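Next up: the structures, one after another.
Same chain, two partners: chain A is paired with chain B first, then with chain C.
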Partner chain A sequence: MTVSLKRSGDGLTRLERARPAPNYEARWGWSLLLPALVVIGALSVVPLARAIYSSFRQTSPLLPPKFIGFDNYRAVMESGAFMTAWRVTLQFTTITVVLTTVMAMISASALNSSFRGSSVVKPLVLLPWAVPGVIAGVIWRWMFNNNYGAINTILHALGVIDAYVYWLSKPGLAMLAACIAQTWSLLPLSIILILAALQNIPEEQYEAARLDGANSFQLYRYVTFPHIRTSVVIVALYNSLMGLTAYDIVYTMTAGGPGTATSVISYFTWSISFTNLNIGQGAALATIIALVSIVFIIGILRLLPKGALSDVD
Partner chain B sequence: MSTRLQERLESTARYLWLALLLVFVLTPFLVTLLASLTPDKAIVSQPARWFTSGFNIDNYVYILTGKLPAQYEVEAGQRTMSMVSQEIRFLPTAMLHSVIVAFLVMIFDLLLAAPAAYALVKMRIGGKGIVLNFILGTRLIPLVAVAIPYYELMQMFRLTNTLTSLVIMYVGLTLPFVILILCVAFRQIDRSIEEAAQVDGLNPLQILVRIVVPVAAPSIVGAGLFAFMLSYCEFLFGLLLATNQSVRTMPVTMASVSVNPDVSLGLTCAGIILGVLPALIVIVPVWRYMIRGLAEGSSK
Partner chain C sequence: MVTKTRLGAWDISRREFLRYSGLVGAGGLAALYVGRSPAFAGDAVDLDFAVWTYAVDEVEANVKAWQDANAGMSVKLQDYPWDTYKATMVQRLATSTPTDVLYNNGSWLAEFVAAGWVVPVSKYLDFEKYRDKIIPYALSGLTFNNEPYGLPYYADIASFIWNPTVAKQYGVDRAPTSWDEVMEMSLSMQKKGLRSPILWEFSQVNPSSLDEFIAMSMSRGDEVFDADMNPIFEDPNSPAFQQAQFMADTIKQELAATSPAENDAVRSMNSGQHVFTCMYNYNLAAMNNKGQPLAGQFELLKMPGSKGATLGYVRFYSITSMAAARGDAVAAAAGKFVEAMGGAPDGTFNVPKKWAINRGLGFGVRPLFDDPDVVQAFSSWVNVPMLKEQQELAQTKREAKWTGIWGDTMLRELSKAFAGEVSVAEAMKASADKARELKQQYQ
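Coming up: the complex of A and B.
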């Protein structure tokens, strides 16, 4: 999904002479662009600056506000819950990114050709995309319910399990369940993005490779994969961001439990800010999350082939 | 001979994977629908009696009209049935709030994004690469990081607990995506059409309204509906900025209902099915117009 604003080498036609002066165009251009730019700037730069500002201030409801340097950062990092929350978040993110990306690659390949029923299957696969995360959490909480959940009922009826599994009461299983719910929620968009890239591969390249005697694996490795690599990286990037900032699904599905087994970092931030009402510490934590996300993003962007995103001029 | 065997193997593997994928994707919807139509007792008993206890639409009738489901009247002696999920009766109103907000966001997004995308794609202005990177970069800021400042800002303007605050927020969240999609769509429009219009003396705004918008209409609809869907589904800021019952959105209401022990599983599930319906309806046009536009656009 790259955007190129460059005109594809059409040269300047004789109509070029009819084009108005650059000044006129620049004036119009900026006045068309400005409203959107102001709205986006006001709603992103301003709050972000404000968050960083309050992260250096004492903002407890009981004490007078004052500048306290890195004390909020220190307090947040020294709390025991901080490291637990990061461990949980990184586990959650790693599992969901790998699961979603791999499943999306396989699914997109399976969907990439017209087979009988493909026009029905594709929209059906998209359905979870329209389900808000909180509702996905509610649905999967009922799926995994210890006593009457659909998964227990189905597995029991099929004879796979003898006794009902207490999915949401065991830390490891609860984490797995939350990852499955998140994967369900993220899979449709991931499939769509990879499928869009697959559909752009020219058929001739496959024919040429086949003539050279390439087998299925080689076709995928040397023809398919280079074309979808950018999309796969974008999917991984998107899913990482969603994992690092996951909140909705955990909120309704497990409420961070059992114990702290699924207390992701966003959930922790939320409770510091709005349950403990310590907005300064919440902001410090949020700034740390933003920094970690940026590191993650840069790391993943390095996987992109050279020039994949640079045609944005 | 061996290639034919291989082809057959591949197609079998394809169908097998797709079957598994559909089971994974659809089972949650199907069991939710099932639970919404089956008496609660049959679902929560162990082992469950899913298909042998009959079906009814009492839960839906209750949410939409307030007529108590028959099973509650029977048990009314045991539980205080007046408490039974009053909360879920707010769902239709909450859905209305969400639809209004999402619709307004869609309109404002398109009004702001179409000129911006037009300027970015079709006009010679300096530094637009930086502008585009800035626009997209703002979406990389984690929402929790800006949640509190947003709240403080809205408080400053006395906009907490209004739908207006949500519209403002969601425009900020969705606008970058809409601009990106429209940039891709506008790139596909042949320059010669606009140049002819320029010769006719139309200014850029007139060209945008009379020529570019009609030509790119499908993508514009797709992008708008995408913004609609994102806004309709948003939860975090809905929870933060609109907690009053009078302005609650659908996801916030459903989250609250889901932790309310007085709301039965069947009612919750019926609420889920009703609640996701508007988003499910727009998903096919979103896919048709927006995704195909992206697929074609990125190949150029």
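Coming up: the complex of A and C.
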């Protein structure tokens, strides 16, 4: 599109948009994009619109469909489980985000240095990433088993515990166990992202800082951290979303118990929709989760210091 | 400008490539559609068969044998975890994901019939020739509104199991005959160093947990609903309330530990750290399996309650309305497949017999009770006369189209009571309120 300045009859200068010339390149570009847009529309936009539509209707295979306004939202929010599940979800998300981010920074720093066997260790770090959530949940459930779990066996052999701990039967310990499993699962990607940022830091900056007398802490604070800050923020955001929508690992490990100790919000979407056969209420809860996730992420981004994401802007 | 770029070694233009790609894609979609379109007599038929994950290798072998014996028939098997099986089936059936034959459960039958997802099998196989051969609680479990909705995959009971060898090590040398004795013996063994003599297979997402709870309530005298489907478990004197209180007390006193799934529970029992449990009976076969550390130590006991009753249940092969809608040939093939899996097309119940011998699964058909191979196989892991005695006392639970939904609430409330978040009375009231709400909504 071209824009030109033109002298008008009354002597004023005005902006005039020239009629766009036929642009073959733009049309070709759109036609190349079209298949992707159709697929995204069919697989994302349409289901999303359908879910929002269902959230305002009585949708159940056992009941006649009808428009019921905000009744589904009201029913979900008035349910006693709703606030409990949000509390548990936020607790779970906070613990896993902090644990994962801190451990990823430490692990990435360790892996960034050369050491004997580093070429073997680096690929091994990726292994948990390749394990599906349900399988990871089963593995960790066995690891934390009261009677034959490896965790109890190791701690007992080391003399840390006198009697086997009932990890998954006590509310606090079950939450801790679920957080450890989730952290284990999220750690590889987090490490890779931060490691990639670490490997891009010019060595000259460290040399210059050392010449200026910087100690190890100052090197990390003033040279390393500014370079990995963007990656750390992305890692924290990604892990927050994973925590808010966590389901597979938690439910395979603890089934939300004992009691409601690990009952995260995603379970209720599934449970309301497919166990209670109330797809309308499930859609309402899914919509609420999506909105809360968006608000949560915008909130985090706003809280960040200006320029924290400058590298990716 | 017309793009004339040629694509590598293939001498075609980009536009030609896109056109051919589109044709290939459309052809693929058409092939998929044709693959699910109605079949006609004489056509090859493909069936989609959904099962929960249990001994999938044996299921595959049974399917292969049927395919080999029926030229032109093919079966695509898909398995899903037991904990999420019902929800997965709801998703598949509600979204018309191709499913022709599936494992079904008496607890969900009313819902699935009300939703129009399964069809009576009598139209597709001669059910009357099996009616008298199916044991009463199995027949009751697969029947809704006087229509049969399948043939049994297996039928079993929930059993009270104990390990007398470990019990003896902690000073208990006889079997309990009441729930009070179970409590006394457990306290006694705990004092002597056995931390948690009882193991409950319990999780709020495991449907077996609810069946086992109801089985133990039945042993005390009754289940959870009356004949009009009104909840009767709010009353502190009701069997279900007393059983819930009993379980909560044992967990609170650490007399009992919980295990979320049956595989874990079988292994935990084999750790020698528990004496009593209540599980589906076939788990006794797994506990006494030669590969287990304490194989041979576990025994079936009569349910300790005053009535000694237990839950009898059936899992069965159902034909979906999707299969029926695909035409006579598909429906007939589905009927033939179901009969091969659960019936006796050539006069013998081959597949149920294999399950009984290889896995210890209970059977829903009378002829197998007298089959010498089955009796011999069962004798290796269970006291057969005791099993027969307990089976005589088995009864089905009452179901309505909303009881599957209610079960989810009941398990969640029991889970809260067992964790000490609410009292048993509060949990029972919340669950009874939900039952009344659902009854009003759906009936």
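Everything that follows uses one rule, which is that the second predicted complex is superposed on the first by the 274 of 313 C-alpha atoms of A that agree within 3 Å, B and C clash if a C-alpha of one lies under 4 Å from a C-alpha of the other, contacts with A are read in each partner's own complex, and residues count from 1 in each chain.
Definition applied: a residue touches a chain if its C-beta (ideal position, glycine included) is under 8 Å from a C-beta of that chain, and two chains touch if they have at least 3 such contacts.
Quick caveat, the model's predicted, so the values are computed rather than measured.
Enquirer: Given the superposition on chain A, are chain B and chain C in a clash or a fit?
Expert: On the shared chain A, the partners clash.
Enquirer: Answer with first, second, both or neither: which of chain B and chain C does A:N146 touch in the superposed model?
Expert: Touch partner of A:N146: chain C, not chain B.
Enquirer: Going by the contact rule set out at the top, does A:I298 touch chain B (first), chain C (second), both, or neither?
Expert: Neither partner.
Enquirer: Considering only touches as defined above, state whether A:I279 meets chain B (first), chain C (second), both or neither.
Expert: Touch partners of A:I279: chain B and chain C.
Enquirer: Identify the partner contact of A:L158: answer first if only chain B is touched, second if only chain C is, both if each is, neither if none is.
Expert: Neither chain B nor chain C is touched by A:L158.
Enquirer: In the superposed arrangement, which partner chain does A:W270 touch: chain B (first), chain C (second), both, or neither?
Expert: Both chain B and chain C are touched by A:W270.
Enquirer: So which one touches more of the residues on chain A, chain B or chain C?
Expert: Larger number of chain A residues touched: B.
Enquirer: Classify the contacts of A:I40 with the two partner chains as first (chain B alone), second (chain C alone), both, or neither.
Expert: In the superposition, A:I40 touches chain B alone.
Enquirer: Could you say whether A:T260 touches chain B, chain C, both of them, or neither, answering first, second, both or neither?
Expert: In the superposition, A:T260 contacts chain C only.
Enquirer: Under the stated touch criterion, which partner chain does A:Y251 make contact with: chain B (first), chain C (second), both, or neither?
Expert: In the superposed model, A:Y251 contacts both chain B and chain C.
Enquirer: After the overlay on chain A, which stretch of chain C ends up in the same space as chain B: 20-28, 38-46, 74-82 or 182-190?
Expert: 74-82
Enquirer: Taking the contacts chain A makes with chain B in one complex and with chain C in the other, which residues are shared?
Expert: Common to the two interfaces on chain A: residues 28, 134, 141-142, 147-148, 251, 255, 270, 273, 279.
Enquirer: Inside the complex, what are the residues of chain C that reach chain A?
Expert: Within the complex, chain C contacts chain A at residues 1, 3, 81, 83, 86-88, 90-91, 93-94, 111, 114-117, 195, 203-206, 251, 257-260, 264, 267-268, 271, 273-274, 401-402, 404-405, 408, 412, 415-416, 418-421, 441-442.
Enquirer: Using the touch rule from the top, collect the residues of chain A that touch chain B in their complex.
Expert: It comes out as residues 1-5, 7-8, 10, 15, 18-20, 22, 25-26, 28-30, 32-33, 35-37, 39-48, 50-51, 54, 103, 106-107, 110-111, 115, 121-143, 147-148, 150, 153, 156-157, 164, 184, 187-188, 192, 195-197, 199-200, 216, 241, 244-245, 247-248, 251-252, 255, 266, 269-270, 273, 279, 282-283, 286-287, 289-290, 293-294, 297, 312-313.
Enquirer: Over in the complex, which chain B residues touch chain A? Could you list them?
Expert: 6, 10-11, 14-15, 17-18, 21-22, 24-29, 31-32, 35, 43-48, 50, 112-113, 115-116, 118-121, 123-126, 128-129, 131-135, 138, 140-150, 152-153, 168-169, 171-173, 175-176, 179-180, 183-184, 187, 191-192, 195, 198-199, 203-205, 208, 229, 232-236, 250-252, 254-255, 258-259, 265, 268-269, 272, 275-276, 279-280, 282-284, 287, 291, 294-295, 297-300
Enquirer: Please give the residue numbers of chain A that touch chain C in the complex, ascending.
Expert: 24, 28, 61-63, 81, 134, 141-142, 145-148, 163, 166, 168-169, 171, 251, 254-261, 270-271, 273-277, 279
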